[in-house]
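In this document, chain identifiers A, B, C and D correspond to the written order of the chains, with residue numbering beginning at 1 in each.
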Amino acid sequence: MSLNFNTPDFEVIREESRCIQCKVCVHQCANTVHSYDEEDNVVCADDTKCVNCHRCVTLCPTKALIIRRHPLEFRENSNWCGKAIKEIYKQSQTGGVLLSSMGNPEPFTIYWDRILLNASQVTNPSIDPLREPMETKVMIGRKPEKLEFDSDGKLLTKMPPNIELKIPVMFSAMSYGSISRNAHESLARAAEELGIFYNTGEGGLNREFYKYGKNTIVQVASGRFGVHKEYLNTGAAIEIKIGQGAKPGIGGHLPGKKVGEDVSATRMIPVGSDAISPAPHHDIYSIEDLRQLIFSLKEVTGYKKPVFVKIAAVHNSAAIASGIVRAGADAIVVDGFRGGTGAAPTRIRNNVGIPIELALAAIDQRLREEGIRNYCSLIVAGSIRNSSDVVKAIALGADAVYIGSAAVIALGCHMCHSCSTGKCNWGIATQYPELVKRLNPDVMYKRLVNLISAWNHEIQELLGGMGINAIESLRGNRLMLRGVDLNEKELEILGIKYAGE
Amino acid sequence: MRKIYAFESKCLGCGLCEIYCRTAHSRSKDIVKTHKRESITSAIVVEEILSSSTISYFALQCRHCENPKCIKACISGAMYKDDNGVVRNNKEKCVGCLSCVLVCPFGAIKKNDDGKTVSKCDLCVDSGEPFCIKNCPNAAIKFLSEDEARVLK
Amino acid sequence: MKRYLIIGNSAAGVNAAATIRANDKTCSIKIISSETFNSYGRPLISYYLNGKIKPENIYYRDENFYKSSNIEVLLNTKVEKIDTIKKEIIVDLGEKIGYDKLLIATGSNPFIPPIKNLNFNRQKNVFTFLTYNDSIKLKEKITKNSKVVIAGAGLIGLKAAEGLFGQVASITVIDLADRVMASVLDKSEADIIQAHIEQRFISFKLQTSICEVQGGSNVSGVSLSNGETLKCDILIIAVGVRPNIALAKEAGIKTLKGIVVDEYMQTSIKDIYAAGDCVEFSDLLSDESKVFALWSNASSQGEVAGLNMTKIKTKAPKALAMNSISFFGLQLISAGIISNSKSGNNFICSVKNKLRKLNIFNDNLIGFVLINDNQRAGIYTSLISDKTKLSTLSYDITSRDIGFNVYSKDERTRKIWDYKGGY
Amino acid sequence: MLREGELRIPSGCAISGIIDKKGKKFNGKEIIKSIALMHDRSNGLGGGFAAYGIYPNYKDFYALHIFYENLSIKAQTEDYIKKHFDIEKAESIPTRYTPNIINVPLIWRYFVHPRINVCLSEENFMDESEFTSRCVIKINTDYKGAYVFSSGKNMGTFKGVGYPEDIGEFFMLDTYEAHMWTAHGRFPTNTPGWWGGAHPFTILNWSVVHNGEISSYDANRRFVEMYGYKCTLKTDTEVITYLFDMLVRKHNLPIEKAIRVVSAPFWDDIDREKSEEVRSELKSIRAVYASALVNGPFSIILGFEKGMIALNDRIKLRSLVAAEKNNRTYVASEESAIKIICDNPEKVWSPKSGEAVIVLMEGEQE
């Protein structure tokens, strides 16, 4: 195909009066947008390659660069907007499945932004987190029906294994291979310092990170990459990945070029081979097969570790979740349709799955109706953006949340949506050593610690405002929520009243 | 005394340290003016390492030796060591003979474009943390005491 | 209280005094100088001549150096005799000064070749060009239309020429050798320097020498061995220098070309040390004992002598001939063996007005010359002084500009982390 | 106007309780005097009392106290009761005219015993208390206009809309003799307009008077509702009572452990516990019964057949004072409400946050 219809998405504007030809942008742009013209001693830019990742903008010492949406406009109409047209250009050019990264960008309602929180006035005092203890610790895992004590008050019941989170936030699954070694190390070290957990994702665990085992949740996915006895026993908990919010119902594909020495050793696959996670677990074709996998994992780890099951938020998530609890899972992880991904077919990411808020509310309510909510923990994932999202998720019924996109943004991601190219300029979703080096774990893990500590202070402030001093009193406390711009049905599913009621 | 140590595994070779070094030692202290009008030589140099499989870099500047050869080689007494051990160059007395350049084993002293003086790292003594360290995007250079450095060698 | 006595107030003397004070806070330190000025940078005298530096900036150490280090300086004092038995010296006023430890740092004297009818002391317009005094007298004597003849196209001769440029009618430089700076450079590089200087209308008469001078109390002309005769109302003798060993010799201290010293700068007589241009020392490359007229070598030896005099046993490093000098903006840096180097092991790369010549001999760099390409020369110097095997380096130094990245990672880390400097 | 139960009415309150360990009975005058002193802590929209040991000659029968809004709902409810219970005695509760007490509902009491065969058949085997509590909840949920406001053995509560001292006068409490009395004066933010909303709240022998407002209400409510309870009244007292009933009766946790659940120690305090055994026990309690933790300011007095428990929230945001004199223990929102009925008590103290005052009848152990 000679003629490429696609025009550049972004325009690079260089303020000549500020540019000092220092060529920092030339070195730093992995997409080779910037180039130095020796002859005229001028730096110029090729708009077509720009993905607007802001690497050059951030590092330019004189702030001479501005990246703008390319002014060229289609003669749009509301049906055939620019995006729709361009997607056809691309597909008619390549003939391939459209791939995209990060979460679902479509303008579906974001229910977090339509739920408001309560605060106590007069009838009960708010609690000041600076003076009073404010507890955000949560215990994730299976809980017995009740506790039995003998006559002189000694506890008889033996507690199943639970993991303790100092803050009800964990780092979501991002496989070793889709994100870089330094990104994984930053997540691991931050999890350790914060007293929370990070998820290895379906790419196995690098042996050098075994030392962070007590803050690691090891994932077992359909590809079984890097899964062996020692791996399972290293983590503090195991998570079976059935589905992912961004691509419910399909597997994953890590291109061969990303599988270097390090990744191939961790995933136990040959160097350069494509790592394909098949869509279903080929040993889980129905719920009872899941029970077998859960108990075989428990067997191999001596029943000393909680086993989570992660599903994508789909239509009958409530029924699935209740089945999973009855199948012996210690915690259910639900990943909403806005959950991030390194690479997923655009059509699936934009159209499959349901919002996490509705899925969460439905699952929590269903488990309560069946009286089994207290048996297990419920963790939600998929575009938790800030601490108020966390509080609203917990109030709707979650025990804790996973954050993925928020974590990588803290590590420097600028949402340029081109992780699938593997040339992440911030050293996150890349395996090129010179790019991976750009993410210095010694500095970057501190950013994650700062982010989560800040969120924790905010959560404590929000709790204090509601007159609560322990996070478990917020869990499922839907009276603390009110809805705005929501219809009756949405309020009913969320189980919350409209503001003013 | 604290010195600047470079860590090759972290250096991106972006060159920002050189830019901010020039600016810190310029008259105008403004990045654009420094580079467009003044001609200041950076006291730090980013070098590319050719041997390793992937392209990697490191930044190097004066090591402020305990027993500096450059002071001994200096014919005008322009090179001196101030009371907290920082090896410095007095622009007034320097005649640009480059005897110091001839003996510095690190090649960390450079002739200024004005030809009359030389530029070398003075650890930005009067502004606390050196500007190159403040502006390194990847913490590839650190301001460490000798013991801290030995630990991270 | 220990008495330290230093004869000579230049690089060796001053550095020795500073080192002694650093190690012995209470001893008495006296420096004797025959000159009338405080310690000054000898190579700077040509900068004074052409006004490139302000007079007050010529001083190597300023007033408060001597005061703060409590070092007593006796200027304009000539030492007559050293009595090694009584451990005292006799100065020109007949006064005796005793010492516990003595350092001879008398530097070097200009060499006046025997030329017919040349009587240096009597003829008013014949100068040498070594001391600040020489430069001052010369500056007073020259006029707009002085015709100057300089004997010797070495460092001193050329620097004198540069100093005089623009203040006199004509300058002619005469040298026996076939090139300028014969002791340092090969013909090819020397010719570049010569061509550059000749652009300033300074003419050269090579492969000849002055065999006779005309004129009485003032020289009026010279006649050369090649038969030519030149008008001349200013004659500068800059054919070379000799170590100033007279004092030592008379005192019975062992001397050859220069004062003989061991690695600890100790002379043949106990408690008497010597350092700088006046001593002969083993050459790093040839191991022969040679005389070095090098400022940095003198400072190092002064410091080492100071350390040994205060009982801190330190070995002085072997000396390496090196120069960094500029003529009319053309910067020349060289070190080690360059002149009449065996061909075949030279790598020459000249681009525009830059020249780089590396003299490599069985996997070692033994010399280099850089013209107008002087960045990071110190790395070449340490390759010579460390006798680094070039094959162990991370790239062939002839293939690209030198950088610290020439060393392997471990070597780099070791140097950056552990290198403490050197003498 | 929505009735209590259709909306949640937060309120401040006064509470008071007296118990004679030996079981020596005394009439209602003293408790009325104590609660009357805290007149300003209520606003006349609710008052009530619980009395233990008042029906000695019917002590094996469940004494159901029921409000009816009209005769027809009374008839329907009585049919339901007849189907599930043998009624020993049915009578309207004697009251005396009191000017401040207005729009009084029909107030009846029935001494009943569950009909064994119905007990067995309806939901396989269920003990009588479980059966009775399910029936009471059924009436209160499905029989609009009827409200069982007391259903214990040898105990009863007397409550309604009005100041507590007037309610006491109205129900002629001076004629009853009990070994334990609790009282409550309510300050609801708006008129409940319905007698059922007043405190104390009861289920079987449990009676709870509560001052404060639980911020964790909805978390607690949705937790107990998983175990068959129906929070019809939507009041804090209701959910606290059901929590205790579930923990102590259904899960038969010892009282002391139930208190650890409701007013749980902080994680820091747990970590500071010396013995590993105590630490892991407290950790298990907080893990398993996380949603039973009552958060937000409260001071409660729990009455039940074995005795009385007074408890504060974890950071004591509500006042509670206790005192002892020979066999009697007094607890109240204010020290003055104790001093009015017991001059110079032997011991007066203010219980620490999360630390309960447990007073068991002689001969009753944990």
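Structure notes:
Quick note on the criterion: contacts are C-beta pairs under 8 Å (C-beta built on N, C-alpha and C of every residue); 3 or more make two chains touch, one makes a residue touch a chain.
Model, not experiment: these values are computed from the prediction.
A count of C-beta contacts for the chain pairs A-B and A-D puts A-D on top.
As a whole-number value, the distance joining the C-alpha centres of chain B and chain D reads 79 Å.
Centre-to-centre separation of chain A and chain B, using mean CA positions: 43 Å. The distance from the centre of chain A to the centre of chain D, each centre being the mean of the chain's C-alpha atoms, comes to 47 Å. Annotation: 71 Å between the Cα-based centres of chain A and chain C. Taken as a graph of touching chains, this assembly is arranged as a line, each chain contacting the next along an open chain of partners. Across the whole structure, chains are in contact as follows: A-B, A-D, B-C.
Those residues of chain B that touch chain A in the shared complex are 9-16, 19-20, 23, 31-32, 35-36, 53-56, 135, 137-140. For chain C in complex with chain B, the touching residues are 15, 41-44, 47, 52-53, 57-62, 295-296, 299-300, 303, 322-326, 329, 331, 333, 335, 374-379, 381-382, 394-395, 402-405, 408-409, 412-413, 415-417, 419-423.
Of all residues in chain D, those touching chain A in their complex are 8, 10-12, 189, 212-213, 215-220, 222-223, 225-227, 250-251, 253-254, 256-257, 264, 266-268, 277, 280-281, 283-291, 293-297, 314-315, 317, 366. Put simply, chain B touches chain C in their complex at residues 5-6, 8, 45, 47-52, 58, 60, 63, 65-69, 72-73, 75-77, 92-93, 95-99, 101-107, 109-111, 115, 149-150, 153. Residues 17-18, 20-24, 27-28, 58-59, 61-62, 433-434, 437-438, 440, 442-443 of chain A touch chain B in their complex.
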